[in-house]
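Next up: some structures, all given as structure tokens.
Each of the next two complexes has subunit A plus one other chain: subunit B in the first, subunit C in the second.
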Partner chain A sequence: MSGSHDVIVVGAGPAGGEAALAASGAGLRVALIDEGPAPGGQVWRAPRTAQAQAAAARDPDGRQGGALRKRLRDASVTLLAGAEVWDAEPGFVVQCLAATGNHALQAPRLILATGAMERVLPFPGWTTPGVFGLAAATAIMKSEKTLPGKEIVIAGQGPLLIAVAVKALELGLRPRAIVDRAGPRDWLRAAPAFAAMPSMLARGARWMARLKAAGVPILRQSAVVSAGGCSALDGVTVRHLPSGRETEIAADTLYIGNGLTPADELHRLLGAAQTRDRLRGGCRTEVDADQRTSVPGLYAAGDGAGVHGALPSVFQGQIAGLAAARDHGALDADAFAARSRPARRRLARALRFADASCRLMTFPEDDLAEMPPDCVVCRCEDVRRSDIEAAMASGAADMNQLKHFTRLGMGPCQGRMCGLNAAGLLAPEGDLRFTPRAPVRPVSMDRLIGEFDYSDIPVPKPAPL
Partner chain B sequence: MIENEAIQLVVDGKPVDCVPGQTVAGALLAQGIYAFRASPGAGTPRGPFCMMGACQECAIEIDGVVRRACQTPVAPGMVLRLRGAGAAE
Partner chain C sequence: MTRTDYDLAVIGGGIQGASVALFAAREGMRVVLFDKGALARQASGTNAGTLTMQMTRAALIPYALKAHEMWVNAPQWLGHDVGVVACDGLSLAFTEAEEEILSQRAEARSAAGAPIRLVSSREAARIEPGVNPGIRMASHCSVDGYANAYLTGLAYRRALVEAGVELREYTPVSGLGSSGRGYDIRTEGGGVTARQVVLAGGVWIEPMLKWLGIDLPIKTLINQLAVTERAAPVMRTVLGIASGLLSLKQYPHGTVVIGGGWQGEGDRDSGTHRATAASAVGNARLAVHAIPSLRRSRIVRIWTGFEAETADALPAVGPVPGHPGAWVIGSVHSGYTSAPYMARCLTQAILGRPPEMPLFPIDRLLPGHGSH
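What follows is the complex of A and B.
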């Protein structure tokens, strides 16, 4: 698998899968790497159990994922699944670890389609077992057709709340409540843009009707402010944001999410220019109309470059794949224009819908300031808000200093869960991030070293005395 | 690859049944096991959180190696060790 290709694509979700197919269709030798066991990314995640496979065949996302996996099987794309990319060097060399060991792939062009991660606004008790991300619910339902919990509460913001609640009902699990930060006015504001996609609007209306029929209460303009229980969740406190009124709901499982943020470690590691953009998940990678970043030979598409959702990702991926083929000399200007035209037209339409959805999912940055002092910010190292404030009082002014003072971000998640939240506490108007460094995924030395033997080390002659 | 015969895992010495294709995290959660480990700092109980490989909260000992339970498919006879979950150790 290690070796040379015309283009490497990192991430085999809607953006990366389409990018790989477009580039391969234009004649390029493509290597496609994904962390998951099969292509599809998060939204088109491959079903893994027999039950989940049967369910996926009846679900729109499931069918689209299945179609992408089939097209990739039929195409001459070299797929490396179950491989974690831990480094990308200029030029480009991509290092990844798979079950078969470490692979170093080389190509003059690299397309990053790394997708998004979920953001959760920390609250006391969010580390209690039984508290999950909202996207975790979709992940486990898509791959295993189960949802942990008996008394579940679904909280946070955005269209995913409704989607998860409906899928839970399908599994025979009636959520105790949906807790939505948004109010009816926020949803109404999104309605005209949603109407641009009649099929999506119709699906949303059907879902709302089913929740109403099942009697699932929707608490609007409300948020979970704390979770109780020690080794297991026993309930959540919900605050109605305008009035401050609080209610307790008994629950053994909470699914909560406050929007998405680009998984942009590799973009930053390679030095691609970025811009602060709250609508796109905090920060987006700057790209031209053909998805080229500021780094020659480096392209970015999909949510990893700025959160847009699955549909725009498909078209951005197609454009990126064709642009790589164009820049490689496999397509002339006319062929490139002709092949990318349909994707550009569809992208413009998909973006209107996506923007409305992204607005509903914009992370509530201002509420970081409301976090109580004893609330854990860095889950890996148990760093609380009060620890961050003590470090700030002692002179920590940027993320790297904060790390040195408190160990925040030094645990196995490498700051994925805490980085943006800590940055928001440190300097709400700043644009502070950790310095990106390889390895961007935890890699164990023994797996990295593989068949290495001490006798393989070239030992230079000692310097003469 | 996917068959319907149940697979048995060993969790802290006790047998646990699961479905082929499940992840280790999915299998344990289905049994009502939510606390997988204790945080190394304060020692508070932790369980899976993101279910997509980012948060590392579900990392437990799988066949002697610490791995993310949400990214590891179950295999017959797999031996799992929870890491001080619920301050049990």
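What follows is the complex of A and C.
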């Protein structure tokens, strides 16, 4: 599998899958890498169980995912599934770990379509067993058609609240409550943009009707401010944000999410220029109209470059794949313009809809300041807000100092969960990030090094005595 | 004649510069310390923290032994904890050729005063039960250990503030000139004057010395390291190999740091450096070969940092020739280990006292030296 290609695509979701198909359709030798067992990414995640397969056949996302997987099977794209990319070197060499060991893939062009990660505004108890991400809930349902929990509360912000609640109903789980940071006015403001996508608007209306019929309470302008229970969740405290009134809800499972942020570790590792952009999940990678980043030969599409949602990702992916083919010399200017024109037209329309969703999902940065002192920020290393304040009092002014003074970000997730939250506490108006370093996922030593003889290790010449 | 702003300006807030600033301030000097970033964020904060004799050049052993003692007593003289653990150290030989290197090096270091002796594979396994039973022999040193390098900045920052050193972090120095009674230190926001100046810029002492017209070539090494996630205990010593290309130890919180000077890629002028996958795999294989149970761990981070080296790989510590009151400190091989003691000796010279042990003046490295 190691070897040379015309273009490598990292991520086989809507953006990466389409990028690979577009580049391959233009004649490029394409390698497509994904950490999942099959293409589809998060939103078009491949069903694993029989129940999930049956459900996917009835669901628009499920059908689109199935179609993408079929097109990829039929295309001459070299697919490496179940492979975790852990490093990318300029030029480009992409290192990834699969069940068969470490693979080094080479290509002069690289398309990053790495998707998004969920953000959670920390609150006391957010690390209690029984608290899950909202996006994690959709991942479990799409692959397994099941949801952990009996008494569930769904909280956070954005359209995922409704989607998860409806899917829970389909599983016979009636949510105890939906806790939505937004108010009716925020949703009304989004309505005209949603109306630009009549099919989506109709689906949303159907879902709301079902929640109403099932009698699921929706608590507007409200947020979960604490979760109780030691070894397992036993309830949540919900605050009505305008009045400050608090209510307790018994629950064994909380699904909560405060929007998405680009999974941009590889973009940053390769030095692509970025801009702070709250609407796009905190920070977006700068791309031109053809999805080229500031690094020659490097393209970025989909939520990994800036959160837009699945639909724009499809078209960005197509454009990126065609641009790679154009830059490779496989398409002339006219062919590139003709092939990319439909995607550009549909992208413009999809973006209006996407921006309305993104606004509802924008992370509530200002509320970081409300976090109580004993609230855990870095769950890998158990670093609390008070530890961060103490480090700041000792002179920590940047993320690396904060890390060194507290161990924040030094655990298995390397700050992917806590980095932006800690940066928001350290310098609310700043643009602070951890220094990007490989591996972008923890790597199994066993898989990384494989079997070897001592004599094969290229030990450098001895240091001077 | 105007009064200067400071008695001493130190340029470079790594462990060498910060130690000189600290000791000088405690002797009553008015000291200002500049760094282009935060304290101890280059080599001093990103190295493996090993406090070992078995990777130290023989000529530096006497200094390293003194420094090791200082590290162990850091809470007393520094006043703050840098997580120092003193433990046994083993250097391993896996092949006949390595046995030979190991024997030679153990002998040379032992002659220089390090308590190093050769031990059988059986005895090595008794000292370090986690070690690969296939080793041929090892050298054991009872003076070994490690610090938590990433705590260096925090600990020194507190100590410097308490000692009254004026800290100017994130303040790059753009140039240096002689003035009536000392030196003008130029920065973007203006500048200061100081009677004496110390250049302690790590790999950047080469461009710093150019400010004074001195041409001292400094080689830039780009050392690469890796760390595992927290794990149950797998080892209790500091481990190396005969060639010096491995350093391995497990911190009390469970992470294992893998170092040894495998090279990444980078460039001093742009200040950027990055790890390479090839070095990561090679270094990890060596580590697993030494401690086989490390195979079950996961690496969470790989990083790089600069190390400075002179042409003869011996330190640049002493006066800047032709510039009274200007000093340089850097390029100390195993510099993290030896830093506090090197800094103590240089501070004695700055104060006009004879240093406890000889410095390493740079005259020997300058063009024209020894040619007449």
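In the analysis below, the second predicted complex is superposed on the first by the 457 of 465 C-alpha atoms of A that agree within 3 Å, B and C clash if a C-alpha of one lies under 4 Å from a C-alpha of the other, contacts with A are read in each partner's own complex, and residues count from 1 in each chain.
Just so we're on the same page, contacts are C-beta pairs under 8 Å (C-beta built on N, C-alpha and C of every residue); 3 or more make two chains touch, one makes a residue touch a chain.
Quick caveat, the model's predicted, so the values are computed rather than measured.
By the document's definition of touching, of the two partners only subunit B reaches A:A136; subunit C does not. By the document's definition of touching, both partners, subunit B and subunit C, reach A:P442. Once the two complexes are laid over each other on the shared chain, residue contacts for A:A99 go to neither subunit B nor subunit C. In the superposed model, A:A333 lies in contact with neither subunit B nor subunit C.
Contacts of A:A393 after superposition: neither subunit B nor subunit C is touched.
Legend: residue contacts after superposition of the two complexes on their common chain; A:L188 is shown touching neither subunit B nor subunit C. Of the two partner chains placed by the overlay, only subunit B lies in contact with A:Q42; subunit C stays clear of it. Once the two complexes are overlaid on the shared chain, A:P412 sits against subunit B and subunit C alike.
Of the two partner chains, subunit B is the only one touched by A:S231; subunit C is not.
Residue overlap on subunit A between its contacts with subunit B in one complex and with subunit C in the other: 411-412, 442, 444.
For subunit A in complex with subunit C, the residues that touch the partner chain are 87, 89, 93, 95, 102, 104, 269, 391, 394-395, 397-398, 400-401, 403-405, 407, 410-412, 414, 435, 437-439, 442-446, 448-449, 452, 454, 456-465. By the touch rule above, subunit A contacts subunit B in their complex via residues 35, 37, 42, 47-53, 117-118, 127-133, 135-137, 139-140, 143-144, 146, 148, 230-233, 263, 379-383, 411-413, 416-417, 442, 444. The part of subunit C that touches subunit A in the complex is made up of residues 38, 41, 45, 55, 57-58, 94-95, 101, 104-105, 108, 150-151, 153-154, 157-158, 161, 169-170, 227-230, 241-245, 253, 255, 261-263, 274-278, 280-282, 284-286, 288-289, 294-303, 313, 333. Chain contact summary for the complex, subunit B toward subunit A: residues 2-4, 19-23, 25-26, 29-30, 34-36, 39-42, 44-57, 59, 65, 70-71, 73, 85-87.
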